[in-house]
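Every chain is named by a letter (A, B, C, D, E and F) in the order it is written, and numbering of its residues begins at 1.
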Amino acid sequence: MIFPRRQRRSFDHGIHPPEAKDDTRGLPIRQFPFAPVMIIPLLQHMGRPALPLVREGQEVARGQCIAEPDGFMSVAMHAPASGVIQRIGLVPTINGKMVPGIYLKPFPGSSQEVGEGAPCDLALATPENIISAIQQAGIVGLGGAAFPTHVKLKIPDDRQIDTLIINGVECEPYLTTDHRVMLEQQPDIFMGIRYLIRVTGAQRAIIGIEANKLDVAQSLRDHLPAGEPVTVEVAEVKYPQGAEKMLITALLDREVPSGGLPSDVGVVVVNVATTAEIGRLLPAGRGIQERVITIGGPGIRKKGNYRIPIGTPLRFALEYAGMADNVSRVFLGGPMMGQALPSLDIPITKGTSGFIAFTENETAADPLEYPCIHCGYCVDACPLFLNPSQLGLLAKSGRYDAMVQDYHLMDCFECGSCAYVCPAHIPLVQRFRGAKTMVRKQQAAS
Amino acid sequence: MDKAREGETIRVWPMYRALVGVGMLCGLLIVTVFVLTLPVIERNQAEALERAVFQVLPGAISKRSFLLGEDDAFRPAQAGDPPPQTVHAGFDAGGNLVGIAVQGQGMGYQDVIRVLYGYAPGRQAIIGLQVLASKETPGLGDKIEKDPAFLENFHALDVSLDAGGQAIAHPIEPVKSGEKTDPWQIDGITGATISSKAIAGILREGSRHWIPRIYHQRRVFESAGGSDGES
Amino acid sequence: MASPEAVGSTDEFIKGLWRENPVFVQVLGMCPVLAVTNSGVNALSMGLATTFVIVLSNTLVSTLRNFIPKEVRIATFILIIATFVTVVDYLIQAISLDIHRALGAFISLIVVNCLILGRAEAFASKNGVGASIMDGLGMGIGFTFALLCLGGVREILGSGTLFGLALFPAGFQPWVVMILPSGGFFTLGVLLLVFNRIKSRQDEKRAVLQEATS
Amino acid sequence: MTARRDTLQIHTSPHIASGASVDTIMRNVVWALLPVAAFSVYSFGLAALFTLLAATASCVLTEHLMCRFAARPTTVKDWSVTITGLLYGLTLPPALPLWMVVVGGMIGVAMAKFMFGGLGYNAFNPALVSRAFLQAAFPAAMTTWTPAMLPDRFTSVPASVFTFPFAAPVYDGASGATPLSLMKFDGQVTATGDLLLGLTSGSTGETCAVLILVGGIYLAARRMLNWRIPAAIFATVALLSSLFHVIDPEAYPPAGFMLFSGGLMLGAVFMATDMVASPITALGSVIYGILIGVLITVIRLWGGMPEGVMYAILLANAVSPHIDHLVQPRVYGTGRG
Amino acid sequence: MIVVTSVAAIGGLTFLLASMLILANRKFYVEEDPRIDRVEEMLPHSNCGACGFPGCRPFAEALVGGEALPGKCTVSNDEGRAAIADFLGVAVGQEIKVVARLACAGGVNVARNRAHYGGTPTCLAAAQVAGGGKGCFWGCLGLGDCERICDFDAITMDRHSLPVVDNDRCTACGDCVDACPKDLFSLQPVTHRLWVACRNLERGDEILANCEVACTACERCAVDAPNGLVTMRDNLPVVDYSRPHDTRQPIERCPTGAIVWIDEKQGVMKGAAAKKIIRHSALPEAPT
Amino acid sequence: MSDEALGTIFLNACLVNNFVLAYFLGICPFLGVSAKLETATRMGGAVCFVMLVSSVCAFGINQLLIAINAPYLQLISYIVVIASTVQLVEMFIKKMSPALFRQLGIFLPLITTNCAILGLALFQTNKGYDFLQCIVYALGAGIGFTLALILMAGIREKLELATVPHLVQGTAITLIIAGILSLSFMGFAGLGA
């Protein structure tokens, strides 16, 4: 590095996409109605699908556990509504894959009360109790990756955690889910932090927020429970500040080693919404049956933040929120990392933090792809200091070995910064994903 | 060849037989050709040298070679004397000394330039120049070989000695094209300043060494004139 | 391996001209190809000298092939080639000093022309004398042909002449670069491109023919 | 439930883009070059105008025809070849015969760009390859200069410009000497003020350092030009030449002269910065700039020719894959404590 | 005199060198089987790896070392293999010809897209975006990665954008198997004539909306097949090639033609009950 | 006999009159072994080594030939001595250090019969260099060769990822790169003067 690291709460490189959060950030969370049929994939997370506990035709109550974890890398599923199990089979998911799942028909007019389960008492619980309670509550990372939270919290014995980072950055444009959760569910968040500190043994917790949510920072600071080691830190507005590696660098100036985990530098990062769910569900012994998501984008009439039952098909959600006629693209997650939807008959899952609809106005004809002109914009954008230009060229020629060995392909977390800035409009991330797919295939074969 | 090797032993005799045998055969062949072509080649070379000498010494029709000995004295050259120490005296039909042809060399634009130039002690001037070898750029640097305007410089280039008789009065000096005012200046070639300067340099250095020696011993050459010049 | 004497000799001869042209196809012996082709005369002289050496060395190698053990094969071949090169060197000097000066060190460097040793190794050491001579002739003439192509182009553009004869009215501006090393590289590169194009055309035609007949 | 008429479109993420585009960048470089081109026409008159037009047209046309020939869609619309042509024209002597201009343009674009695979793959700067080719092919014509600001420059054109194709040019009128050849062969140093304002003779576009710098600053501010490269070149040349000037002021010119004479400004600002043939990382471009600076100084001070910018850039182009290879960014999470 | 000195000089020199070389050969010789070079020369130099070795040279080493038989090289022709076998004095070890086969029949005339994929037109790239937009998640994306990767021009995309393998040209190098992001290719001996050309794991007639030739898991083939030749697994028939499998019985009642018989001469043959599809144009994309 | 300064000899052999780009010597390996940087570097090393060895050999032989007054044996004795010496060294390395052999050895036979090596021997004799000058000349030529090779390899590796039209792929584009490199090296002209 030629220049000394600047003293500020941020990481090097990164980009500044338009934030586009004004439409929804001020709108309070609203409850969503039940769809006529709910589709509940049994694999909404990384790992193994859950095992169904119900039969076709069986009646279930809202909040009832309908599938149990199949091993440690798996979490439980709960009925999002009281109703009858219509069918158990393959259900479509966002990445096109068909996975085992359950079709549930809610009873119209049912009270939809949620029953209480066995609570996990903070005062008495051991870390193991909490971990298994989180697994039984079906909690996975709500920040987007949907990694089972209890697995992340199972810290290897040789690692010592000193800091718990609560990720409230929400750097993706359009999304305001975490923003609203932080304003409306503060007690849940603080409760969740208590559980998490207990599990991880961290000495302190930092709630990390981007500078575009100063109202949240103020409000959180005002309500910080006295005597607890929790602080709120504000970081520069920059994408992808919310990626855990970047946030750790910004807040603590530590670098997670390549191929390593945050726990290697004594940190655990948990999303605020996840924390809030832990704080809300564990004391009551319940499981996740709904989550907060942002429905936004130019193609939506009733933009807003909704508490929506897991398993609601998108078609229903979009129609409820009012979809413009000329919507041409819908994607789950934000516009930087979100996945395009192939069809509307796909359910909302635990990992969905929002969906955005673009009309034909935003999505003009495909921009012409030029050859890479070595402008170096991507190199200056990549937060992981990779060389996307060279990676892109290598991927185009199918030189996957060189990508992995010489250019750290596997470190890329597909943030999309490089493709965002590329003046040649090269679909870099897509190439990297494809390359990774092939590399994994080759590794599996050998 | 295709069969697998039998053990590690190498048969020694066939190897000697092949290599030494073929070697001697080849040696024989070469020597034969050498001996056969030698006279022709020597004649060619002599003719080439003669042509060059006659060109830089206009009017000469016969030549004799001299060697500058260890003692700084010129004496008639024998075959096999080292060329750089050899000069060639040229004589006209009447057996009078026209001048002395001297070789010189120096770094040009690309590579070494080798020249032969004629010095007339009587006129105390360089009276001719030929480039024997150069790798200058064709069309640019190679004008030093062909450009008549440039070669015109060497029809009467003043190298007279100063009063002491040990040094050139006005060392040869290159000037820009068209700016020649004095007889010891060389008019350069536009676009090939480097090459033309290189020629000037070669002549300046060469004349410093040769001209006083030749001038003071001019009698040696003059007296060699007459009917017995080579061809 | 050894093919019967003289059978298919015409084929051995023909193949060097085009199909296995040493310059355009095998890309062998490039140094003289580039170095001495700044004029047609040089190219022709070099081509003929090379042909002379390759034919004679092929002959001798093929004659002696059963007499040379593997361990000293290369050394002996080089010895033979060097001999003929020396011979050629003196012959050229005897014929014309000017040509000798123009070709410079590259006459001596015929020794290391990869083409000649390559033919000695790959062909003459495995085949009879007749076939080897034909092979040498074919390769030599193919080589000369390539040199002439290159020398012609470079001389025409670089000096405005061909074999010393002026082709253009006075006032022609020579392209000096063509006589310089870079011009040699460029010209050969472009000639290869042209050759590739002709060949791919031919291949296409052949493929079409095959398709039609089968 | 309603079925929508159209199928959803699926595209890869990210679904938004910065809006930067290759053709925008290239077009802006053309804008930045226009003042330089205008000044060249002002100072050298019609001759420069014809040279620039012929250079640009030949490059653009060659690219178009090459694409046609290879049955690819034409790429002239990305403006990159317009830059090539314009820059190439700006590096030529104003009175160069137009047929030579056309030959050079065709060779450069065909050999140094198209055969390497077109935009983005050329290993060398095509404009400079064109110029280097001409310099080697027609060295005399390429070193014959017209003086700047001739009074009749807008009314008459030197006879050499319209030389019949393939014929050697005949020069009428006075020929000027460039500041660098005055320096090299006559030991005269031109005043820096004249150099800055472009009152000297030289290649069409190299004379007015001020306008070149203005264009460069505009592009650098818009992040369309890597400022590190010219900065490193200037710093290196200034440092080295000052050093030698201090040692022997007679033999070596001062830094100001070195920086503002010859093609250094145009080369450093517009040609060394060609992204395609220069290294991609920040450190790499600094190394690349230093290399160019060193080569320029060495060739100018000790080489056979008065100017070395073109050769320095071409040589550095050849080294740049190695710089790229050796200077990789330090990947996050590797090698830091 | 000059003749004698020079011949003697050359003689002496060559003698010296010969001695040196002989000595060196004695002292430094490293054993290497010369047959390896010869065998390598006889191999086709495709370095394709179909033989199971990293390239032709290692395969040549294995051949000479007796670890493999020439028949493993699928690229060479019969004469070539016989020549090597001759040279080494071993059996050719000809294996049954193996070719690449595609487990999908869903060309654009019978299978629908449910989303419109825009972007780089390769299967690998498309597969990264919601699986590629094809209605059937398992189906061929038709963008021809396999066609491009095949070094032997054995694959051509037919007019319905489905790859067709030319058995004569296919060398079973396996490149297409690796390249297909949907894993639709596998290497099969040509004698495997019973073939399931579908990978769809769903069951029921609803899936015919996405692809008219999909296997609906009606199980008729399994029922009809003699002595358990065909069994159902994950809603797909599986042929047990270890049993005698030269019967066309299982294909006869298949309603969609998802299980087929690949005839030596006539190519792919469907059963009598299979729905006849005469559409040649592409199906329209499904509305959302 | 020659009074050139060592620095001049080195600069001339390495840059100004680069063996490959200005003298056209050693083109076959230059075209053949420049596709990969790794091999190019090793090849360069091997050439430097062989150049040094053969320069010394040629110097010795030349003294001998002058002694027996047989200049006509120059070519033949140079070439056999160089060839055999290199072969000897090759066997020696193969035996003593198989690792080094794998790095350099495979190139040695290629180099033996290479114009650059013999050219070096002939030129140094023509120019009448003394022993030290010969060594410097060989070193300059070797390094210049390596430089050209490495520059070429870098560009060719880069081009592997490029969309070079298939008609020029391979030797044709390599020659064009060589032409441009040769143009660029003309910038060094006059440096050695």
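Convention: contacts are C-beta pairs under 8 Å (C-beta built on N, C-alpha and C of every residue); 3 or more make two chains touch, one makes a residue touch a chain.
No experiment lies behind these values; they were computed from the predicted model shown.
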item	value
Common touching chains of chain F and chain E	A, B, C, D
Neighbouring chains common to chain C and chain F, by label	B, D, E
Most remote chain, CA-based centroid, reference being chain F	A
Distance between chain centroids, defined by C-alpha means - chain A, chain C (Å)	69
Separation of mean Cα positions, chain B and chain A [Å, integer]	87
Inter-centroid spacing, chain E versus chain B (mean Cα positions, whole Å)	73
Between chain D and chain C, distance of the C-alpha-averaged centres to the nearest whole Å	41
Per-residue overlap in chain B, given as positions that touch at least 2 other chains	1-2, 10, 15, 19, 22-23, 26-27, 30-31, 34, 109, 137, 139-140, 194
Chain D, residues touching no fewer than two other chains	4, 6, 8-12, 111, 117-118, 120-121, 133, 136, 139, 304
Multi-chain contact sites of chain C, meaning residues that touch two or more partners	71-72, 75, 79, 82-83, 86, 90, 176-177, 180, 182-183, 186
Overall pattern in which the protein chains touch one another (line/ring/star/complete/other)	other
Contacting chain pairs - touch in the sense defined above	A-D, A-E, A-F, B-C, B-D, B-E, B-F, C-D, C-E, C-F, D-E, D-F, E-F
Chain F to chain E touching residues, read off their complex	68, 70, 72-73, 76-77, 80-81, 84, 87-88, 91-92, 94-95
Chain E-touching residues of chain D, taken from the complex the two chains share	3-12
Touching residues on chain F, where the partner in the complex is chain B	8, 16-17, 22, 72-73, 76, 80, 189-190, 192-193
Touching residues on chain A, where the partner in the complex is chain D	1-2, 15, 17-18, 173, 245, 249, 255-260, 315-316, 319, 325, 327-331, 335-344, 356, 358, 363, 366-367, 370-377, 379-380, 382-387, 389-390, 407-408, 411, 414, 416, 419-425, 427, 429-430, 433
Chain D partner contacts - residues on chain E that touch it in the complex	113-119, 125, 128-130, 133, 285-288
